[in-house]
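Next come two complexes, and both contain chain A; in the first it sits with chain B, in the second with chain C.
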Partner chain A sequence: MGNSAVYLEMIRIRFLMMLAYRTNYYSGILIYSINIGAYYFLWQAIYGAQESIQGMDAAQMTTYVAVAWMARAFYFNNIDREIAQEIQEGKVAVEMIRPYHYLGVKTMQGLGEGLFRLLFFSLPGMVVIWLAFPITFSDNFAVWGFFFISILFSFIVNTQINLLTGMATFFLLYNTGLIRGKRVVIDLFSGLLLPISFYPLWAQEIMQFLPFQAISYIPSMIFTEAFTGTEIYQALGIQLFWAAVLIIPIQLMWVLAKRQLIVQGG
Partner chain B sequence: MFYVSIFFQYAAQYLKTRLTYRADLVVEILSDLLFQAVNLIFILVVFGHTTTLHGWSREEIIFIYGFFLVPYAIFTAFFNIWDFNDRYIVKGEMDRVLTRPVHSLLQIVIERMELESLFGVITGMAIMFYAGSRLGLEIHWYDPLVLLIMVIGGALIYAGIFITLASISFWSDSKTDLMPMMYNIGNYGRYPVDIYNRLIRFTLTWILPFAFVGVYPSAFFLGRTDWYVYAFLTPVMGLLFLTIAVVLWNQGVKHYRGAGN
Partner chain C sequence: MNVVEVEGLRKEFKSYSSRSGLAGAFRDLFTRNYQVLRAVNDISLHIKKGEMVGYIGENGAGKSTTIKMLTGILTPTAGRILVNGMNPHKEREKFVRTIGVVFGQRSQLWWDIAVQESFRLLKKVYKVSDDAYEAHMGEVIATLDIGPLLDKPVRKLSLGQRMRCELAAALIHNPPLLFLDEPTIGLDVLVKMKIREFLKEINRKYQTTILLTTHDLADIEALCERVVLLDEGKIIYDGRLDQLQKNWVEGKQIHFEFHHPVERHALIELSGGADVKWRQGERCNEWIAGIEGDEEAVSQLMSRVIQQHPISDVKVNQASTEEIIRNIYEEGLTHG
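After this line comes the complex of A and B, so read on.
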C-alpha cells in the first residue's frame, strides 16, 4: 500500500487536533473519577456482606469498573455521527472521489482520537483512580500485554460497528435514532455496565453469539485476571473472529451505498 | 402570548420535519424505550445477586427509577443542548439566534426540542405504578400535585446543570467532553445516596444535585420520613439552579464575540 503514509498522517492530524484541546481533558478526568467513584460505592452496596458474586470479589469488581471505563476512552469514537453528518451534508460525495478509502480515513481519525485519550486521559485518570480506590494491578507482565492486544481489538470491533451504523445513513437518510440505539446496546451488551457473567444464563447464551462482548467484557476480564490460561487465548480468538467477520457486511454495505448514493440538498 | 404562539409554530414545524423521516422517528422512539429498559435491566440483574441495597428493596429502587424517567423525559424533550458548543458556537449559528427578537435561550430550546422524548413520561408513570402497587403504596389526594411539583423541580435541576455547562462555551469555545459524562453522573442520583462516601454524596446533593431528580423526591412517595426535608427542597433547588444558569447564560451572551469566520 503506497498510501499508508496518508493514513498515518490522518492519525497524526487528529491526534494534534485533540492535543490543542487538552486542558479540557483535565476537568474530564475529575468528572470521570466521580463517575467511577460513584460506581465503586454502588458496587460496594450491592456486594454488602457477600464475599464474591459470580467468582469476582469486590476488589476485582472495582478494578473491572475502572478499567472498563478507561478502556472505553480509547475505543470510543463518534465516527458514526461524523459519517452520518457528512452524508447528510453531501460532503461524502467529495470524499469518495479523493485518492483514499473514505472508511479507512474515518477509522484512522478514530484511532488518532483514541490514542490521544489513552495517553492524556486514561493513563493520568488511572493514576487518580488508583490513588483514591483500592484497585489491584496485575504484576504479571503478560497480562498487560494481552490487555493491550485486547483493547486494540476492542477499538477495531467498535469502530466496525460504528462504520456500519454511520453508513446506514445512506439508506435511512436520517439516522439519529439508530446511532442512539446502538450506543445503548453497546453499553449493555458489551459488558461495560455489568460483566456478562452476571446476567442470567439464557441472556449470557444469547450474548455469546453477538460481537459486543469483544468491546468491553473481554479486555476488562483479562485485566482483572478473571480470565486465566487458555481462557485468555479463547477470548482473544473471539475478538479476532469478529474483527474478521465484520469486514464482510462493511464491504457489502459500502458497495450498495455507492450505488444508491443520494446527496440531500445541494 | 407572543411566546406561546411562537412555541406552537415551532412545534408544528417540528412535527412536519419529523414526520418526513418516519423510519427514523420510529427507530428513535424504540431506542428511547431500549435506553429506559437498559437501566431497568441493570437493576433487575443486580437484584438477582442481592436482596436489598443498603436497606432498600428492589421495588423501591425500581420506583425511584420510574420517578426519574418523568422529569428526565421533560428535560430531554426541551433541553437538547448537549452539542451547543459545536452546533452554535463553533459553527456560528449563535449569530443567527442573536439577531432575532426572542430570548436566545428560549429560541434554542424550541429549535432543538425533541417532542418524541415525552414518551418517557408514560414509561416512567407505568414503572412507578407497577412498583408502587407491588409495594402496596396508597395514593393520597395530594400525591398528584406533589408529583407535579417534584417533576418540575427535577426537570429544572437538569436544565440548570446543562444550561450552565453550555454557558461555559461563551467563554471557551474549545471542545469539552463534559456533557456526555454528565449524563452518566445523573444516573447515580437514582440510588440511595447514603451508599456513597461523603464527598460524592455532597456532590450529588449540592453541586451536581442529581439526587433531587431521583432518590430525594421519591423518598416522599415511599414514606421514608427521614428524607422528607430533602424531598421538599426539590422545587427550591430546581428554581435556584435554573436561576443561576439563566444568569450565567445572559452574562455569557454579553461576553460572546462570535466565532469569527
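After this line comes the complex of A and C, so read on.
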C-alpha cells in the first residue's frame, strides 16, 4: 500500500486525542467497573447453589462477564457516530479532498481508540478485577493467542457494522435512532449481556445467521475455555467469514454514497 | 495547456419541499414534493497556469458547487471537467495530491490537537519529504507568522490565527493549483492584508494557479486580474477586472448626506435635463446620484441640490467594484 505511515500516524493522532479528553477516559473506567460488578452479583444470585448452567460453571461465568466487557473496551468505538456527524456537518467534503480512503482512515482511528483502551484501560482493569473477583485465567498460551486473534476479528466485524451504520447517514441524513438501536442490538445479540447458549433455541438459531456473535460471544467463549479443540477453529472461521462478507455491502454502500453525496451546509 | 478545462458543466439537485400543516406532514411521509434545481447551469471555464481568478456571485449563485465539482467532492450531472489533466472524480486520490483547498467556513485541521500535529499528519498524508517540508514550510510559517501558534490546539486559536494555519496546511505539498472558498470570511483587515500578500507571493514564486471565491471584493481587487461573475448558475461575465470597470463606469457617483429627510421626487425634479439615477444610501438621509456626463454636469447638479437642501456631507467618487457588481446583479449586464 505505501500508506502504512499515514495509518500509523492516524493511530498516533487518535492516541493524542484520547489523552486530550481524559475525563471521558476516567468515567469510562468507572462505568465498566460498575457494569462488571453488577453482572458479577447478578450471576452469583442466578447460579445460587447450582453447579453449572448450560455447561458453564459460576467461575467461568464470572470470567466470561469480565472478559466480555474488557474485550468490549477494545472493539467498541464511536466511528459510526463520528461518520454521521461528519456527514451532517458537511465535513466529509474536507475528507474527500485528501489522498486517502475515508473508510480506511476511520477504521484506523477506531483501531487507535481501541489500542489506547486496551493498553491503558483493559490491561490495568483486568488486574484490578482479578484482585476483586474470583476469575480464572488460562495458563495455556495457545488460548491467549486464539483470544487475541479473536478480538482482532471482533474489532473488524464491529467496525464494519459501524461503518455501515455511519454511512447510512448519507441516505437518511438524520441517523441518531439507527445508531442507538444498533448499539442495543449489538450488546444484546453479540453475547455481551448473556452468552448466546443461554438464549432459547429458536433465538440461537436465528443468531447463528447474524454477524453479531462474532463480536463478543466468540472471544469470550475462547477465553473462558468453554470452546475447545475444533470448536475454536470453527468459531474463528465464523468470524473470518463475517469479516469477509461484510466488505461487500460496505463497498456497495460507499459507491452509492459517493454518488449521492450532497454536502450539507452549502 | 490549461490547468482548468471545463466544458458545459452542470449540476442538478433535488430539493424537497414540505407541505403545510399536519395533514401535509403525514402526506410527506409517503410521497414528497420535489423539484430539480440547477445549481450550475452549463458553464465553461478555462484557466491558464499562474492565473489568479476571482469567482464571484451572490449567495446561492453556484460558486461553492462549482468548486466542489472542480475538487472532486461532487459529481457533475453533465459536462466535461479536466483539472491538472485529470478527471477529479474518477482519479480522486491521485488528483487531490495536486491541489490545495481552503474552505473558509470549515476547518481542515484536527480540532483537539496541536497545529503542528495536524501538519505532521498532513506531511505524511501527502508524502512530503523532510527536506522539502523544511524548506517550503519553514518559509510559509515565517511569512504567515504562525510559528508561535504551532504547539497550540486548534480550538484555542482565534479565527484569524486559525485561518492562517488553514492556509499553511493547504500548502504543505506545495500544490500547483489552489482553491480558496471564502478564505477571508470574518477576518479583520490586518489578517486579510497578510493573507493577500502571502497569496501574491506564492503565485509569483511558484506560478501557483489560484481560484478564489469571496464576498469581499477588495480581495479580488487586490489579487485578481480576471474575474468570473456567476448568476443563477450561469457565467454572466468572464474577463479582465479593469475591463469590467471601464465598461461600466461612465460618469460619477455623488453621495449626499442631508440634514433633513428628502423625497425622491424632489431630487428628480432637481436633476434637470441631466441623466441622473437617484438611489437611497445606507445611512439615514443619504442619497446617491449616479450621473453620466462630464465634470460640468456634476458640478451643476451639486450646486442645484445643495441650494435646495442643506447637507452635512458630500462626496464625489468613481463607482467602486462593489457598486458595479451590485448594478450588474440588479439590472443585468446590459451596458457591457
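Quick note on the criterion: the second predicted complex is superposed on the first by the 254 of 266 C-alpha atoms of A that agree within 3 Å, B and C clash if a C-alpha of one lies under 4 Å from a C-alpha of the other, contacts with A are read in each partner's own complex, and residues count from 1 in each chain.
Definition applied: contacts are C-beta pairs under 8 Å (C-beta built on N, C-alpha and C of every residue); 3 or more make two chains touch, one makes a residue touch a chain.
No experiment lies behind these values; they were computed from the predicted model shown.
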| item | value |
| --- | --- |
| Partner chain in contact with A:Val127 - chain B first, chain C second, else both or neither | neither |
| Chain B versus chain C as contact partner of A:Tyr21, first or second or both or neither | both |
| Partner chain in contact with A:Leu193 - chain B first, chain C second, else both or neither | first |
| Partner touching more residues of chain A, whether chain B or chain C | B |
| First (chain B), second (chain C), both or neither touched by A:Gly90 | second |
| Partner chain in contact with A:Ile13 - chain B first, chain C second, else both or neither | second |
| Partner chain(s) touched by A:Val185 [first = chain B, second = chain C, both, neither] | first |
| Chain B versus chain C as contact partner of A:Ala244, first or second or both or neither | neither |
| Overlap of chain C and chain B interfaces on chain A (superposed complexes) | 20-21 |
| Residue numbers on chain A that touch chain B, as the complex places them | 20-21, 23-25, 27-28, 31-32, 34-35, 37-39, 41-42, 44-48, 50, 53-54, 172-178, 180-181, 184-185, 187-188, 193-194, 198-200 |
| Residue ranges of chain C touching chain A (in the complex, touch as defined) | 13, 64, 68, 71-75, 92-94, 96-97, 99, 101, 103, 105-108, 110, 112-113, 117, 120-121, 124-126, 153 |
| For the chain A and chain C complex, residues of the former touching the latter | 5-6, 9-10, 13, 16-17, 20-21, 89-91, 93-94, 96-101, 258-259, 261-263, 265-266 |
| Contacting residues of chain B [partner chain A, same complex] | 21, 23-32, 34-35, 38, 41-42, 45-46, 48-50, 52-54, 172, 174-178, 181-182, 184-185, 188, 191-192, 195-197, 199-200, 203-204 |
